[in-house]
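Before anything else, here's the structure in question.
Per-chain numbering from 1; labels A, B, C and D assigned in written order.
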Amino acid sequence: MSHNTFGHMFRMTTFGESHGPALGCIVDGCPPGIPLTAEEIQSYLDKRRPGQSRFTTQRQEPDAVRILSGVFEDGETKGQLTTGTPIMLLIDNVDQRSKDYAEIRDTFRPGHADYTYQAKYGFRDYRGGGRASARETAARVAAGAVARKVIPGVTIRGALIQMGPHKIDRANWDWSEVGRNPFFTPDAHAAVQWADYLDGVRKAGSSTGAIIEVTASGVPAGWGAPLYGKLDQDIAAAMMSINAVKGVEVGAGFASAALSGEDNADEIRMRHGKPEFLSNHAGGILGGISSGQDIVVRFAVKPTSSILSTRKTVTKTGEDTDIMTKGRHDPCVGIRAVPVGEAMLAIVLADHFLRHRGQVG
Amino acid sequence: MSHNTFGHMFRMTTFGESHGPALGCIVDGCPPGIPLTAEEIQSYLDKRRPGQSRFTTQRQEPDAVRILSGVFEDGETKGQLTTGTPIMLLIDNVDQRSKDYAEIRDTFRPGHADYTYQAKYGFRDYRGGGRASARETAARVAAGAVARKVIPGVTIRGALIQMGPHKIDRANWDWSEVGRNPFFTPDAHAAVQWADYLDGVRKAGSSTGAIIEVTASGVPAGWGAPLYGKLDQDIAAAMMSINAVKGVEVGAGFASAALSGEDNADEIRMRHGKPEFLSNHAGGILGGISSGQDIVVRFAVKPTSSILSTRKTVTKTGEDTDIMTKGRHDPCVGIRAVPVGEAMLAIVLADHFLRHRGQVG
Amino acid sequence: MSHNTFGHMFRMTTFGESHGPALGCIVDGCPPGIPLTAEEIQSYLDKRRPGQSRFTTQRQEPDAVRILSGVFEDGETKGQLTTGTPIMLLIDNVDQRSKDYAEIRDTFRPGHADYTYQAKYGFRDYRGGGRASARETAARVAAGAVARKVIPGVTIRGALIQMGPHKIDRANWDWSEVGRNPFFTPDAHAAVQWADYLDGVRKAGSSTGAIIEVTASGVPAGWGAPLYGKLDQDIAAAMMSINAVKGVEVGAGFASAALSGEDNADEIRMRHGKPEFLSNHAGGILGGISSGQDIVVRFAVKPTSSILSTRKTVTKTGEDTDIMTKGRHDPCVGIRAVPVGEAMLAIVLADHFLRHRGQVG
Amino acid sequence: MSHNTFGHMFRMTTFGESHGPALGCIVDGCPPGIPLTAEEIQSYLDKRRPGQSRFTTQRQEPDAVRILSGVFEDGETKGQLTTGTPIMLLIDNVDQRSKDYAEIRDTFRPGHADYTYQAKYGFRDYRGGGRASARETAARVAAGAVARKVIPGVTIRGALIQMGPHKIDRANWDWSEVGRNPFFTPDAHAAVQWADYLDGVRKAGSSTGAIIEVTASGVPAGWGAPLYGKLDQDIAAAMMSINAVKGVEVGAGFASAALSGEDNADEIRMRHGKPEFLSNHAGGILGGISSGQDIVVRFAVKPTSSILSTRKTVTKTGEDTDIMTKGRHDPCVGIRAVPVGEAMLAIVLADHFLRHRGQVG
């Protein structure tokens, strides 16, 4: 969990820039004997892929993934299995549109990492945001697809629950609706309203933020550990490592600050021979360890900083100037963060499953 | 950042249970030649120490720290300096009140880690919460005191900005007020009101949550790294690793979801010969790297789960029962989380300072 | 495996200087539910303890260990079990003889770490070697005692097989002899001769090196991993991390360089329904993974650098001078390295057992 | 330093099997602003490349490396510089000769990792050794080429000093000879004799082991750290992580066991205003920290296990059988280990340079 590596037992290391020849990741520590094909991984990448509706960037990237190592044909089934060695997942960059980068080469776009990369490294790959581009999240989604296979009993689902100032009505929540609208929202009513709202944002050359909720069902009690091995610690790190994320919460989250101890602590009763919680303010985690309830995580994505409005900024050489970021951008980058958040939760859970099995058996 | 260790180059490993003989930590990777005395560390521990007002637990713990290694007398000044080797900080537990733990031994307290520790390990030290006790945060505060010495140009300050449903008025913000009230709040007016409010909570045997804000001034641009070495990733992990924390955000945080790109992205202008941001929605971090602005972090602490009200729960042997947690507890454990949050931010920053210096020089 | 921490899933972090108040370690990642008492750990420390014969340093250290965390009374057996949380093992330094350190304060002893610590840190705790003292190995032995409990089916035994130029006769190998002589050698005949030899060395104020062999029986096939998770990689790191060790080899080791492929590769035959190797040049490890054969490791310990002969050196201020190291020293520090090597092998194996169980189940 | 990752601040993660589509590595933590081209890396790969003389495997692999990320054109010089982000180095496998692997699919070759991979994972990529193939070392050499650029003042050179039972005469040592013979040996006389010897080995379908010595000049005093951050610990791990390596030693190594304290400890005198050691039994490392002398490392490579002689073994299904390994193999795989050893030493030193700079500045 440093540099460009995330995870401890199950871990991924990503590489690649927005406009370099390729991006991808090495997934290491995966158990052997798991059926794995590029097609399966591709199905998750296709959810994140840009250019699928008018509400995401029009950059055309097939995001076709190849598995370069770590799988081998099973002698009996002839299907492809993980071998236990590192799984290299490679995605070529295809649509690196030739354009004039002179402006952003010398000028820091407000809200971007231009200024901080330059301050740190004295130098940066400015094309399309370089390493700070949201394209890197394709590698996360690919690794997340592998992670899901490590924890087959766990179901991970994400949803957009707020776009700009507009929240869903949780009474309308219908998971099957998520796949039917371009926003991954479970509220069909909201989907209609948001289409209008986002069209307005898009046409104005503006952008908006969002809040994503990701849940995991089927996680048994016992994953996670005290205290710097807490499941929620790693979930917080996972979500905050995604570009543009500014906040993360578990269960009741920030709202728990306003609760009384009576209202917050989830009571327990025996049901069908085992303990069952009567509410889930904890979001499925107590003391850093899973309780067996659904794990519930939310994170906030800031509005895309690339907008058509003219903004005040400075140049590399220290002169005041104004900038307007043309080009192909997501008016609400939070939409495509839904599959990314799912992937990160899958990676954390796969890692903690192996860590738990290692320590406790 | 796994098990009981936090940090990469500057790192701490904590140990200890609430009712064991001692707790503490090993601080490893500290640069050599830094003046360090137990007294300095003690001054931070004294802020976190329980029993200082009627608003915290009445457990009496001097939290006296001893330095068992990693420092040595300077030949010239006769002062004590860090040697660059591991610094062992030991705090004896003193007030392990003898009481009958039979009830919590066999029954899971709602909202506590009792159930999950039992589920994970099949066995637990139930006395005072064992490893899940807030007493562990003393080790964090001690390590944080060392971390501050590693980054002397950085000023880290924390404040309680919300208690239960009651928020401060940010117009009243006065840092000097923080040390003058038992709540570490910068709003003198809120301090008066909260005293009444918390007395009510305390007398009712209830508890309440809180929100803490911690800031760091003087951090130069360039600390942090893409993408799993992001400064905000590690800050999120640091705060979420504290027991009872349910959410963390940086800068505008969750509120950024509702902003437009125009309102969110911080514009830049040259001031006094260097770039200056005209606002700080980013909370001092862009692309995972510090921008030179103040780093601003908030985290939510849930209400203490130990309350006098009777709550539904089950026993280890699977029988429905009710429980009421007597004993000495903080009605608002968020208060004492203020120095803990400061310590964690100091540790993350010291770590990233060394990591940045290592890679970039 | 950096700083002062060794291991990945099962890991120890040691601290302490030769003449500080205490030394010890935190053992983290230990499985829960393992019976563990200070007495058991003590029995291993007593093997390493100085002052037990005229052949080791006369410093008197009881090396009494206390367990400060991570264990708790089992409700049924009333015995003490590991809880799965960090185990803090503390050993007080008792015999810090007051002496005049002025000479070594300002002068670098040839063969010691004086010069390099000063070069690195600009400053050092020169008393008794500070952090570079062999006293640190007490923490390793204590952690190793815990590690042995994690892998109860594995038997780890060490032996001195060469002292100075004098090798044992492997035909005389008798494990039961190891506990009957002050050298931990399995060759009773060598023990007699070495006593004379080492008396001569000791009386001359000189010192001598040694080679230790450590074996592990009962390790199942499958522990370890490619390629930077190789079992022999971690064994090499473990042994080389011990002060004064200058070489490590597995199985045929350096001698394998002179062998032909026919002679080196261990043939296999079915015996009693399972594969059995007909020789063990591999030392129980192939491709970094255990084969089920005995693991066989050897390491070389250089002669103690503290000798009574006058040696050429320089002072901190850059003047040529001569030095003679008086004080209490081991004429052959390799003797006490036998239990240390055992402990390190136990730690590596416990770690790899948990890592294997984590990945493969 | 676990899984398939080596290093802490400067680190590489390798992937790939012998007969998969590609192999390579991600180099992470590299400082920014370092000129780096594929051509430079290629020059080191060409030294390791097979098929360059009759003394190495006849497999034809161009080992052409591509840099897929982490470099960018400098605006001024137009040269390519590292950006500080992960550097992906990809090498396609070209000569995956189609052959019938039926025999080794079901039978364990003595001396190979066949048996242990099967035991661990229950399944393996048996083509050409899969992940256990020496082809993986190409990734190490590529990463090592980057590492060298991080420590420009350090000169790293390797040499073959023993082939089978035949040692060089150190009196003949001439570094310039290393590049003039197919064995990387500094002894021209030995090169002539070894050619005859190895022809005999090769024609007999046999194989032989070797010993390699690698040195680093120009390392300043102060790199490394106590105790599990020792420079020699990481060197030992680095060398032992190479397939077929069975032993590693530093300085006098195993021979130091037979020395007296007087003979072993390197005396010091002032020369030209700074301390200079009068001998180098320490191999440039004292207390785990570099002394400023040349770092001297040796490691032993066992004979290739793939030989034409018939050997006893068993099948996956537990039947006794015999096996003879046909195909293209190195009669002395130790030869090509010379550039690999150099690369690993470069990686360790680059890592420790950054770690030292991080902690001490």
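The rule is simple: contacts are C-beta pairs under 8 Å (C-beta built on N, C-alpha and C of every residue); 3 or more make two chains touch, one makes a residue touch a chain.
As the structure is a computational prediction, the values presented were derived from the model and not from experiment.
Student: Name, by label, each chain that touches both members of the pair chain B and chain D.
Tutor: A, C
Student: Farthest chain from chain A, comparing Cα centres?
Tutor: So the chain farthest away from chain A turns out to be C.
Student: Between chain C and chain D, what distance separates the C-alpha centroids? Give it in angstrom.
Tutor: A distance of 27 Å separates the two centres.
Student: Report, in whole Å, the distance between the mean C-alpha point of chain B and the mean C-alpha point of chain C.
Tutor: Whole-Å distance between the two chain centres: 38.
Student: Can you give the whole-Å distance between the Cα centres of chain A and chain C?
Tutor: 45
Student: Which residue numbers or ranges of chain D touch two or more of the other chains?
Tutor: 3-5, 14, 29, 32, 84-85, 120-121, 131, 225-226, 355, 360
Student: Which of the residues in chain B come into contact with chain C in the complex?
Tutor: 3-5, 11, 13-17, 20-24, 26, 28-29, 32-33, 66, 68-70, 72, 74-75, 81, 83-88, 90, 105, 120-125, 130-131
Student: Please give the residue numbers of chain B that touch chain A in the complex, ascending.
Tutor: 1-6, 8, 14, 108-113, 115-117, 119-121, 131-132, 136, 162, 164-165, 201, 206-211, 220-230, 232-237, 239-241, 243, 246-262, 264-270, 273-275, 278, 281-283, 285-292, 300-307, 309, 311-314, 318-320, 334, 355-356, 360
Student: In their complex, what parts of chain A are in touch with chain C?
Tutor: 9, 29-32, 84-85, 225-226, 354-355, 357-361
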